[in-house]
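Order of writing sets the labels: A, B, C and D. Residues in every chain begin at 1.
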């Protein structure tokens, strides 16, 4: 698993006094970007140097407890599934008391930049994803 | 069905040149807010005058085609399901050529502001939701 | 002058119950994008077909009255100044009662896409900007 | 001075491949929120427990160099000016090579929550602000 700590910013919240539902995907993707960095495969590298892109084709979130401005957020990324040309990640949001506040999922596919057709996951990415697989622990 | 027209703004997109996946929920909620207005039950009224709130407990999106800056977006809201104290809405995103670019779903529950427990949908909201039910057409 | 009507969305606000200060620039730029569209010079055209870009080198806002979720916003764009390779725009935010809620300014320069050095405003853009000059009225 | 390190997230950028100008205010305010936390005067405390609010009445930014996805950002907050019922902060954005990429300014006033009129800065806040005054160093 990969763990990322951040906090709920004022602009993540809305007039109802809680995290606006769409912004949870920003927090999840921020964690995902830090994970990509940690495996030497940053968004910047993908956009500028690789021959593939990793678009998100599905996303979803289940909200369990309200999150408020200033709240610490601990995001745990794990692998849900992987196949030849795609993968699905889980993000568990945990507050400072260890309570789960939300679950997020993002489904990615690998596309060849030229043909825009499905292509295979790079070995580097596949190996890094396998390390996120909680069944391996 | 309720239909809302908007467009993809520069800040909705990212360095990959397409709509950032999280921002589709902003567009969907913008349409939802306009629908609430149209039935006389605006977010502002809910926050300031009603005895219930309508938090989103689930959201999801399926991305079918990339959306780019300036693209016209037509969002059709329909009712997927409804029960005593909640409802799920579908949002179909259609481009100017009539192609579906994405599907979004939001699941809402009705909570009493004081007890924060489940309560019943108001008649006004229930009736308005029933009009979004495509099976009625 | 160019006028654009929109409204304050829930995600534009924060836990203090008002428009988050940074989001006023999103609303101003949304108006600017609609103006660019109206003169046949959309962001999409600039990014994909032109030999120049129009980066913002300065921005500022003065907040006069709080804006809240659902509030109608009328944005009036006018030209503050123009020179050979740049221009500054003013955005007056007016509520439904005709009260000014904020002033925004954006300063733009014209850069050649290849050299990234200053270049001259196109005739099309210069003419359109002159029509925004309130001194012409 | 107070220093905060963060990075440019994919959603901070736009189709032009650089930080969208409005989002620099989000990064600046994120640093400001961390500073408020560090002096025991968090946004959450202000909203829920204090008798004053600190709305932003002016903001501005000067953009010196483009910032791109993944770029490290070092934000240095210093005090520009202070008076009985308000203060202005400067934020210098520095990249990993020590180059300044932007300057941001936010002007705050202190309002009494009940009367919504100007009131005096708390001693705690005044003392903390004085420590941000670079002339003191």
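Note that in this section a residue touches a chain if its C-beta (ideal position, glycine included) is under 8 Å from a C-beta of that chain, and two chains touch if they have at least 3 such contacts.
Everything numeric here is computed off the predicted structure, so don't read it as measured data.
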item	value
Chains touching both chain B and chain C, listed by label	A, D
Most distant chain from chain A, judged by the mean position of its C-alpha atoms	C
Selected pair, out of A-B, B-C or C-D, that shares over half of its residue contact pairs with A-D	B-C
Intercentroid distance (Cα basis), chain D paired with chain C, Å	23
Inter-chain centre distance, chain A versus chain C - centres from mean C-alpha coordinates, in Å	33
Multi-partner residues of chain C (each touching 2 or more other chains)	10-11, 15-16, 18, 22-23, 26, 29, 43, 47, 68-69
Contact footprint of chain D on chain B as seen in their complex	10-11, 13-18, 20, 22-23, 68-69
Footprint of chain D on chain A - complex, ascending	7, 9-11, 26, 29-30, 33, 37, 42-44, 47, 68-70
Contact set on chain B toward chain A in their complex	15-16, 18, 21-23, 25-26, 29, 43, 47, 53, 55-63, 66, 106
